[in-house]
Amino acid sequence: MKKIEAIIKPFKLDEVKETLHKLGIQGMTISEVQGFGRQKGHKEIYRGAEYEVDFLPKMKIEIVVTSDMVDSVVEAIVAAAKTGKIGDGKIFIIPIEEAIRIRTGESGDSAI
Amino acid sequence: MKKIEAIIKPFKLDEVKETLHKLGIQGMTISEVQGFGRQKGHKEIYRGAEYEVDFLPKMKIEIVVTSDMVDSVVEAIVAAAKTGKIGDGKIFIIPIEEAIRIRTGESGDSAI
Amino acid sequence: MKKIEAIIKPFKLDEVKETLHKLGIQGMTISEVQGFGRQKGHKEIYRGAEYEVDFLPKMKIEIVVTSDMVDSVVEAIVAAAKTGKIGDGKIFIIPIEEAIRIRTGESGDSAI
Amino acid sequence: MIDTGDTAFMLLAAALVMLMTPGLALFYGGLVRTKNVLGTMMQSFICLGIVSIIWVFYGYSLAFGPDIGGIIGSLAFFGHKGVGMEPGPYSDTIPHLTFSAFQLMFAIITPALITGAFAERMKFSGFLLFTVLWSTFVYMPVCHWVWGGGWLGSLGALDFAGGTVIHINSGVAALAAALVIGKRKGYQKQPIYPHNLTLTVLGVALLWFGWFGFNAGSALSANGTASMAFFTTQVATGVAALSWILMEKIHRGKPTTLGAASGALAGLVAITPAAGFVGPVSSVIIGFLAGMICYSGILLKEKLGYDDSLDVVAIHGLGGFWGALATGLFATVGATGLFSGNPKQFVIQLVAVVSVMAFSFIASLILLKLVDVTVGLRVSEEEEIQGLDLTQHGETGYSL
Amino acid sequence: MIDTGDTAFMLLAAALVMLMTPGLALFYGGLVRTKNVLGTMMQSFICLGIVSIIWVFYGYSLAFGPDIGGIIGSLAFFGHKGVGMEPGPYSDTIPHLTFSAFQLMFAIITPALITGAFAERMKFSGFLLFTVLWSTFVYMPVCHWVWGGGWLGSLGALDFAGGTVIHINSGVAALAAALVIGKRKGYQKQPIYPHNLTLTVLGVALLWFGWFGFNAGSALSANGTASMAFFTTQVATGVAALSWILMEKIHRGKPTTLGAASGALAGLVAITPAAGFVGPVSSVIIGFLAGMICYSGILLKEKLGYDDSLDVVAIHGLGGFWGALATGLFATVGATGLFSGNPKQFVIQLVAVVSVMAFSFIASLILLKLVDVTVGLRVSEEEEIQGLDLTQHGETGYSL
Amino acid sequence: MIDTGDTAFMLLAAALVMLMTPGLALFYGGLVRTKNVLGTMMQSFICLGIVSIIWVFYGYSLAFGPDIGGIIGSLAFFGHKGVGMEPGPYSDTIPHLTFSAFQLMFAIITPALITGAFAERMKFSGFLLFTVLWSTFVYMPVCHWVWGGGWLGSLGALDFAGGTVIHINSGVAALAAALVIGKRKGYQKQPIYPHNLTLTVLGVALLWFGWFGFNAGSALSANGTASMAFFTTQVATGVAALSWILMEKIHRGKPTTLGAASGALAGLVAITPAAGFVGPVSSVIIGFLAGMICYSGILLKEKLGYDDSLDVVAIHGLGGFWGALATGLFATVGATGLFSGNPKQFVIQLVAVVSVMAFSFIASLILLKLVDVTVGLRVSEEEEIQGLDLTQHGETGYSL
């Protein structure tokens, strides 16, 4: 099992979710994060002063899948989340040693 | 060392925390996430229209423990977070290569 | 590649960010979390009653780096985030099997 | 003859009192958890609709129609027949409709006050039915007794702007409601926090502002009495905010913002029956004790263990009780109280207060039980966990 | 001679109407997504500046200056020359300046209402230009026609407080704007939620409160007519809130808080032209139907597929339309309508409504096109994704 | 004899001015960081309590009691003895108590204004003590000098509604406070953002609304002067909002919502001393320059490097300064200024302004030092990091 962590642009979330649904992905967990990277932030103005705000709102998607699904999930995310402009985000693959479904207590591939 | 990531129903947080305290767990980190899974979302109504909201608020608990503690922590979380209804959540076990305590700089098992 | 996850005190974020910039770190992802640990929470008062609030606001920084960078990044974070008082937080090192840049599809060290 | 000054005053006073109900919605809305903010605000807000329609048809007539045996008004004013642009029986200088509009606003906020007691667990349908019944069978009669020519008014009970009719009445109904509906899941086990105190401060500000219409407007004329009521309202409220945070400082070590807001509300409640009958220095004393008494009332609740979610009993019930008695003690303007050598007034105040408490408590209990066995009072446990906003209204307060 | 009662009434009424524009800013601000909250509030708020400056110089004069051929006022009052502390042509009991101040507040809120139609995608510069043009070339003439001595007033059209001048006028302009500017990115594909309904409830509360100044103040005197207008406003509004949530209950199974707020607004709009001309029971009917009609209007929009973001057309356009006709049906106070045997009034109402709709729609279309080809109406797609707050104003609403 | 129109007007004006203090609490509360929102709102809110109690006992008497040597009022009105339901020395048409209530609201908001200067770092206990002292030893005397029969009033200084007494006075005290308490941790190193601009816009809306009571009410009668003051207030405020965002557009490329709100406030401040003395066109000029001057004042602060957290000096100090001088330039209604050939008035204005500035600055410095060495002014560094809400009040603003 692997965990796929994708950092994407927030407005791409719906598209990514849909693509993953089509792939048969049944579960995922999402959270709001702030990203720093090559993409520049923006300026905010406050009573005559100007501030650089260097973080950008991003969405983090976490999906645990069986190892054989990894490639297709990554491809699907790339396809859906890509705008081609800087700041599209990253995908990281992390090993998972075990997964447990709380409701049933079952573990292993059938738990995800 | 392992990191235990548990996605649970928010109103179960207090119970889980208590159980873990009893186990002697000294630290953990919590964040609000949104889950998609088998559990259905809800409907929201907005001026005559109805929208499916497919995400659900969940709590993510992250606990780094020594390898020998993993089983008992997982059991404790399952026991406390279980309602038996769909959507109770998942637990994932992730390998941790090193842990450092910022305050002292110490590392390894004693840092957690 | 490794992921460095650091849990720090929120008001130290700016200093940590700056130190990492100096190290040449180009990207990172930040999120708001709540920490439980040795550091005590605070009391809140609500109409004559007093409640222990045991969680504390913390910042979680996630940085994926090539393996050779890990030590210097950890040192830099420790240096910048340390106040010497309880609750300064932790750093965890997690193995990353692959990284992909969504914009270009490239993977491996060059993707981060 | 219609006086433009009085009419201007009363129309604007009515507008100010109207604003109190949304003010209350904000005050209460800020105090509940995020998942219940809209459901809570809705319970106050929709009273603006429910009570208005009742009022046009039979409400005003029951409360202020020609008296029947000191108990209730007749239906002579059904549909506001005969209530028009000319002065009516309650004032010679303002249109009858202006008086009705002003009183309507009082009738709206009273059931809205009760909602604080059953916040975070009441079914919306049950709430609607309860409000219709309570308005009809509790508010209208009590209002008639005191102000509409009924027996308590005849007895000489003093209630300048509604300490008995509005605050004791709603406070006692709130106690009945808290007892019948039972505690919130997790009450006294997990902390249940206010989710947005900026709303609560804003709410109390609108209440304070509107209360000038409530109290000064109760003079029905832009005269010296109105000025006195205005002044004592401001002073008692400010002082009660201070005395509440003083109690907090002593008891818990820190003065809170919610304490200042709650104290202000306690002061507003306590000065209500007294406003036009007492002088500035008496209002300081009334306000000071109001903060202390209502704060203690909340501590008492914690001990007794019933779950009056937003402390309607301690603030409106106890505060109104103190205010009604204080009127019997301190009255010097246009009436005299115990301290000016008129102990009879104090006894009359006691009789009025106790009668209304007994009636309101029993009648409310009956109505609550009735609602419980018909449409039901309380949401299911699962709905309570999910919150009123989603389960009762299909909405969420914020998507920030 | 100046009457202090009337002057007090009108000054405070003007203050209340002023508060409606920030009230609208909050109402609209709560309904958009977080990224657009400030941009949306700003569009209402800044009307307080734009229209005030226009008004001082030529706006008041165009609307209320000496009539030229029933079409427009002359520039005799340019810079408020001759508009002073003495009574003017529109009332004998209040200073001319008070009348102007009161009317200014109406002129401010009307263009602000339109902004709901193009919310979340309009360029700030384009908005500014459009507002200057629309105020000058649409609002001022229509206002003159009805209230300033123009042809519609002479015809006998009844518009107590601005159903035609303000609501139909802005509603029709909103339709033009929604059509010209086009749909928001993602409209009807992704759900677009309100980000903070507590702001929206607060907003409607301030609107309701201010509307007492709007409607009762339109009597220009603290008299019986003002009292009637006040009373019918309260009743119609409350009833419309109820009828809207009844529709929701039937149609979607749940009554919503936004529905109660929207229904209240629909009621306020519909009673506006009728307020001082109808009695309490008629106001119940007007309000009840207002809730149903405006709710249906929103369903219609969904079908027709244009993107009137915050439903200005359904609420102000349709609501104003219904109110103007209802005035022709139900009028009994100081005028008679169809149901009191005066069918002519109904016909006049129709003529007035249709004329203003036609003029406002065509003129608005032309002005929108003009702005589009000059400074531009719509932000770029990227700016729309990022939101108005950052791209137009360099700000964010919240950093909680 | 009491006039109901005037009394209605003044009571409602007093209610409106009362609402300004919570309005200010919201305005300031939105501008600070989340962790300080309640502490900041509390500092304004509790002034409603502190100053009310001072006022009842000795405050009113010091400010408006029988004059002693042009410097201060006697204690003849201690406990509001003799201040009752009949007209008093300041007006023949309203009850003396109404005048006192109206003036009380001014006395409340003035120290609240200062809190913006030391926001986010002041100890609550220190704040309380400072407010009691400052009210007593700075506000009451200055108020007496100008309005209570003191030497500046006798000199002929014009201050229609408090440009000198309230705005210059608080602005200068704010400067002293910013200097004595020092900069916030991180000031000019890290950006310090407003946490919730919707509160700030709401706050300025309530301020604007309440300011009609403030300025028009200062006529003490619902007459032509009140109408003029109302009208010029609206116009100057709207225009100043525009001129501020124009400055922003030129200087930073984007007009901001906070800029519009700040500009409006600057306009309100600047027109305050002039409101009833100048005509509509003059108010355009006063407002336009107010926006520019106050905006520049903020830039100046950035340069000079003191940390007046919420710009009380630039907006109230400078804005009040400009308004007081502008009164000496533009006065034409009931008084004449430089531009109407009366240079003496301008000189008198200068004398008044400079005297109050000097007195207020020095007295405030002394009081601040006194508080610093007794209960302390500033929270510890750790408390500052954690925020005022938790450390001073044991609360958090939001749990969304």
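Order of writing sets the chain letters: A, B, C, D, E and F. Residues in each chain are counted from 1.
Everything below uses one rule, namely that contacts are C-beta pairs under 8 Å (C-beta built on N, C-alpha and C of every residue); 3 or more make two chains touch, one makes a residue touch a chain.
Remember, it's a predicted structure, so these values are computed and weren't measured experimentally.
Any chain that touches chain C and also touches chain D is listed here: B, F. Common neighbours of chain B and chain D, listed by label, are C, E. A repeat of the C-D interface exists among A-F, B-D or C-F. It is A-F, with more than half of its contact pairs matching by residue number.
Chain B and chain E, compared by their mean Cα positions, are separated by 51 Å. Taking each chain's centre as the mean of its C-alpha atoms, chain A lies 45 Å from chain E. Between chain D and chain F the centroid-to-centroid distance comes to 33 Å (mean Cα coordinates, whole Å).
Shared contact sites, meaning residues of chain C that touch two or more other chains, fall at 31, 44-46, 50, 94-95.
For chain D, residues touching at least two other chains, in rising order: 3-6, 8-9, 12, 193-194, 196, 202, 252, 254, 256, 258, 393-396, 398, 400. Inter-chain contacts, as defined above, occur between A-B, A-C, A-E, A-F, B-C, B-D, B-E, C-D, C-F, D-E, D-F, E-F. Put simply, chain B touches chain A in their complex at residues 2, 6-8, 31-38, 54-55, 58, 60, 74, 77-78, 81-95. Residues 190, 385-386, 390, 393-396 of chain D touch chain B in their complex. Chain F makes touch with chain E in their complex at residues 3-6, 8-9, 12, 16, 33-34, 93, 193-198, 201-202, 204-205, 208-209, 212-213, 216, 221-228, 230-231, 234-235, 237-242, 245, 252-258, 260-261, 263-264, 279-281, 283-284, 333, 398, 400. Listing the residues of chain D that touch chain C in their complex gives 191, 193-194, 248, 251-252, 254, 256, 258-259, 262, 295, 298-299, 302, 311. Across the interface of their complex, chain E is touched by residues 44-51, 53 of chain B.
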